[in-house]
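One chain, subunit A, links the two complexes that follow: it is found with subunit B in the first and with subunit C in the second.
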Partner chain A sequence: MQPVLTVENVEAAYRLPNAQEVRAVDGVSLSVMPGEVLGIVGESGCGKSTLASVLAFTARPPLRIKAGTLAFDGQRVPLTESERVPSDWRGRLIALLPQGAMNSLNPTLRIRDFALDVLRAHEPNVDRRVAVERARERLQQLSLPPRVLDSYPHQLSGGMKQRVVAVISTLLNPRILIADEPTSALDVSSQRALVHLLLELLERRIITSVLFISHDLPLLSNVADQIAVMYAGEIVELGATRQIVRTPQHPYTQALIRSTLVPERTIQGRRIEGIPGQPPDLRKPPPGCRFHPRCPHAMERCTRERPPLELIDGGRVACWWVFERLRVVPSREGSDA
Partner chain B sequence: MTPFQRYLVTKSAWYLLAFFLAIAANFYLPRLIPGNPVDALVARMAAGGGAEGEALRRIYQHYISEFGLDRPMWEQFLVYLGNLARGDLGTSFSVFPAKVSDLILRALPWTIALQLPAILLGWIIGNALGAIAAYRGGWFDRGAFVSSLFVSSIPYYCLAIMLLYGLAVALPIFPPGGGYSYGRLPTLSWSFFLDALRHYWLPFLSLVLIFIGGQAVGMRSMAIYELNADYVNYARSLGIPDRRIVAYIFRNAMLPQVTGLALSIGSLVGGALITEIVFGYPGIGTLLFSAIRQNDYPLIQGVTLLIVIGILLANYLVDVAYGFIDPRIRAVQAGER
Partner chain C sequence: MTSRTALLEVEGLTRRFGSGRNVVTAVKDVSFTLAPGEIVAIVGESGSGKSTLARLILRLLPPTAGTIRFAELGDVTRLRGGQLRRYWQHVQAVFQDPFATFNQFFTVRRFLLRSLGILDDPPQGTARDKAIAAALQAVGLEPSDVLPKWPHQLSGGQRQRLMIARTLLLRPRLVVADEPTSMLDASLRVTVLNLLAELRQHGTSILFITHDLGQAFYLADRLLVMYQGEIVEHGPVEAVLSAPRHPYTQRLLADVPRLGEGRTALTTSEHLTPHHFSTSS
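For the complex of A and B:
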């Protein structure tokens, strides 16, 4: 099976006023299969949302894309030249379900008019009634009353706004939906409704794949087919959800899983451990493996050479300690960084 | 009564109160100026050598009682209010016996014809320029911002004098002053219109340039604030065309700008005092200037009354218009919150 979306070697950095750079995303490659939910997990500041805005083509200064290509159904475009991205890719092929839906709706525009604007942007001749009808159907699926269409955002509750945004993002039947922390501001029952909506849209093939970005590993492990773990702008481990949750390889993934609450009987009474130390300053990331200052297994090599992302047991891991333990010889040489 | 009507009634009551206080101030303030218009009038007669001694004193007494200046202040005020209610603004002292309302009506069309187009055009161009500069960024923004800032910080009279020197003296393209050529009489003819138009350009330019600059600077900073709002990013990720997004930003950044517009229209009457004086334009500004120099109470009061009415009316309209622009304010007005 061919992946729907492949991104290779994405590098993006925020330029500070003093000409320093914060390398928020550094050399990330991933691919998304049709019908798949790919989860991206990591702590705050690891570059998850930056990656989302790069992939949704919404990067704006001070964020600059320094390298990377994006291939969609075999058509490849460089991400560095935003003008070469075909205009109908935004929204129609890749749509963003943004973080913080509270402010994602224009306060002076009725939901009806916004839905119409979104459809018109891609189907200039769409009939007004047809467009509104389509929006109304989708709203009803999320159990929103039709009066929402005539409302302004301030007349909706937080949960309603989040659902409205989910409807708008999927109105164009995008192939890939990039959901950037869509559930973070919601209570658990709204979270559940939103996740169900996404899964249902996937099942009905209205959207082909979802890139689900979250810091909530327990939630992600229920939604995602695959999980990519990001640390300090890099992917450190990638694999099937089961594999990541049950047999994490990378010390960071292990630490991340140890630090989440799991309400299972066998694990009851176990102490929750945190991860010592702080995430690195991305203006001056540590040399070698970026996790080495916080890693319990750090070796001398980790401080010098950057580990490549190697295929291990169907998943991918970037860790010298793992390589040594499993006697893996990296196919690519580690690079000095 | 609906909440919105109640809102209108309370607002109207407040404005009526403000109007009454303004009339009172308008009446007392000119009378606090030391000196007396009759002194000036009689002195001019004496200088002419027509009457002297007892005759002069009789004339003085006659004028004092004719204008009612010998009666107590409160009585004068009541008489003033009574006359005002009948639309009688009194008789000018300096251009005796011309009626104040006639003088104002003669000057008003010139002021309106000069300023209204300058304000409207300057507002539209300035705001569009500011919004586009904020949205496009880069060299366009820098160029537009710096030149707007430069133009808007020149005092009106400086730019007027610079234009006068550049385009009427050094390069005699336009006539240096007046509303129409010497020796012509204002008539409704095609040739008079063309003549007036030639005199119109310089004062018009001096007003419109500064207005564009001021509006563009204000709009740019408002629009930059709006640009960073989540809804802009979201709309962009959905592929909504730039001109639609600029329209969103324009509308949302417009609120303070609408206040600015209404206040400039409201203060239009007294707004271009200096411009009119520099160019010798036969408008309200020139009229007020000469009235002040000659202690012409009724004329000063007439003009300032006009200014007061203009400003109050403009503010009132702004208060009501806000609701139409911003649904959140409409909700407050209608008592929904």
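For the complex of A and C:
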């Protein structure tokens, strides 16, 4: 089976007024198979939302794409030349369910008219009744009453708005949905309903694949088939969800799993240690492995050479300590970063 | 727990907003006690009245009905002026939104110095500087780095930790922490919760307000579950976790995602529509 979406070596940076650069995404490659949910997990500032906007073709200055290619169903385009991206890829092939969902609705339009607007922009001949019916059906799946269609955004609660945006961004039946923290403003029960809608759209083949971006590892582990762990603009580990959760290899992934607090008897009365320090300033990321200043296993090599993302047990890991422990000889040499 | 040992005693606390047909009862007849050194978590979804309850207890918002008693100060529900200041010497807050908490015209140094002004006998000179440095270091902030900074130069996580440094500095007897980790990532969240747990070693009690059951279970001794302004269930953490009695608590617990191993866990869920539960039971 061929991947639906393959991106290679994406580099994107924010240009600051003083000409400095924040290298938010650095050398990221990944692929998504049909029917798959690929989860991307990482902390704030790790570049996951930047990656989402690059892949959804919504990158605007000061964000600049410096390198990378994107292949969709085998057709490859350079991401650096936005004019070469076929216009029907935006929204119809790849759609973004944005993070600030509540702020992406037009405050002067009723939901019904906004939904119609979105559809008309891509399908000029769409019948009004058909469009509204499609929106109504989707709203019901998210337990939203049909009256939502006649409401203005200010008449809806934050959670309702987030669900409405989820409905609108999937109205075009995109092949790939990029969901950027779609559940962050929802309580646990509404989170579950939204995730269920996405999975149902996937199971009914209305959308082919989902890229689910979240900082919430427990949530992600119940949605994603594969998980990519991002740290400071790079993917440090990638693998099947079961593998990432059960046998995390990278010290950062291990620390993330360890500091997960779930209401289980095991965490009560037991002290869990967080990760010391803070993520690096991406204006001048540390040399070598970017996690080394916070890593309990850091060795001399980690401070000098950037570890490549190596295939290990079917997953991928970028860590000198793991390579040494498992006696892996990297297929390509580490690079000075 | 008898009222003689309680640090904080809340009885019949009620707050209504609006009037006539638009009246909303945000907090409805809430009663509980908090012992010295105890950590009690108030959990509930957004809109359940948790933050309003916090503001009532902090005396930032007047209640419609009910009383708040605090140790030897007695009834503090209607204190004003110097008396209220006395209450605030003992009761401090760590807020949800660290962006709205700071006076943006003050540097971190000035903010901390002013905070010390609430004390009757604040430390002076080098003792003061040492105390400030120690509090900042305890939350992982480098004093020389952050003291000259303005609030807008700090990240959300740094501001949240600064609020905790402030409580470490003032050593209040009660900390009301309203979603104190909302701006923090998983790796820092545990660190901040551990800091709060350490406050207890100085005899400080904590009222920990959160929507995150995982955090509540990690930190608290007792749980109060709030739903539509009312406490619908309360008890030791262990008891509520192993045998939740109220249907709202049961659903809340069932919906919290655990570490899973892929997609199946959520698709098999049976309860996907929001339920409404009677709060009168």
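By definition in this document, the second predicted complex is superposed on the first by the 328 of 337 C-alpha atoms of A that agree within 3 Å, B and C clash if a C-alpha of one lies under 4 Å from a C-alpha of the other, contacts with A are read in each partner's own complex, and residues count from 1 in each chain.
Keep in mind that, in the parts below, a contact is a pair of C-beta atoms (placed from the backbone, for glycine too) under 8 Å apart; a residue touches a chain by one contact, two chains touch by 3 or more.
Please read these numbers as outputs of a predicted model, since none were measured by experiment.
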Practice task
Could you tell me whether subunit B and subunit C fit or clash when both sit on subunit A in the superposition?
Solution key: fit
Practice task
Would you check which partner chain A:29 touches, where first means subunit B only, second means subunit C only, and both and neither mean what they say?
Solution key: neither
Exercise for the section: May I ask you to decide whether A:254 touches subunit B, subunit C, both, or neither, giving the answer as first, second, both or neither? Expected result: neither
Exercise for the section: Spot which of subunit B and subunit C makes contact with more residues of subunit A, would you? Expected result: C
Handout entry: Which superposed partner A:88 touches (first subunit B, second subunit C, both, neither)
Key = first
Exercise for the section: For A:246, select first, second, both or neither according to whether it touches subunit B, subunit C, the two together, or no partner. Expected result: second
Exercise for the section: Tell me which partner A:104 touches in the superposition: subunit B (first), subunit C (second), both or neither. Expected result: first
Exercise for the section: With the two complexes superposed on chain A, say which partner A:96 touches: subunit B (first), subunit C (second), both, or neither. Expected result: first
Fill in the blank from the handout: Vertex subunit A, Cα centroids of subunit B and subunit C as endpoints: angle rounded to a multiple of 10 degrees is 80
Practice task
May I ask you to decide whether A:225 touches subunit B, subunit C, both, or neither, giving the answer as first, second, both or neither?
Solution key: second
Practice task
In the overlay, answer first, second, both or neither for which of subunit B and subunit C A:69 touches.
Solution key: neither
Fill in the blank from the handout: For subunit B against subunit C after superposition, the smallest C-alpha distance in Å amounts to 10
Practice task
Please give the residue numbers of subunit C that touch subunit A in the complex, ascending.
Solution key: 45-47, 140, 156-157, 185-194, 197, 211-218, 237-238, 241-242, 251-253, 255-263, 265-267, 269, 271-274
Handout entry: subunit C contact footprint on subunit A (complex, rising order)
Key = 37, 43-44, 143, 157-159, 187-193, 195-196, 199, 203, 215-219, 221-225, 240-242, 245-246, 255-257, 259-265, 267-268, 271-278
Practice task
Would you pull the subunit B residues touching subunit A in the complex into a rising list?
Solution key: 137, 229-231, 233-241, 244, 248, 251-252, 325-328, 331
Handout entry: subunit A - residues contacting subunit B, complex
Key = 53, 56-58, 60-61, 87-92, 95-96, 98, 100, 102-109, 117-118, 121-122, 152, 154-155, 165, 168-169, 172
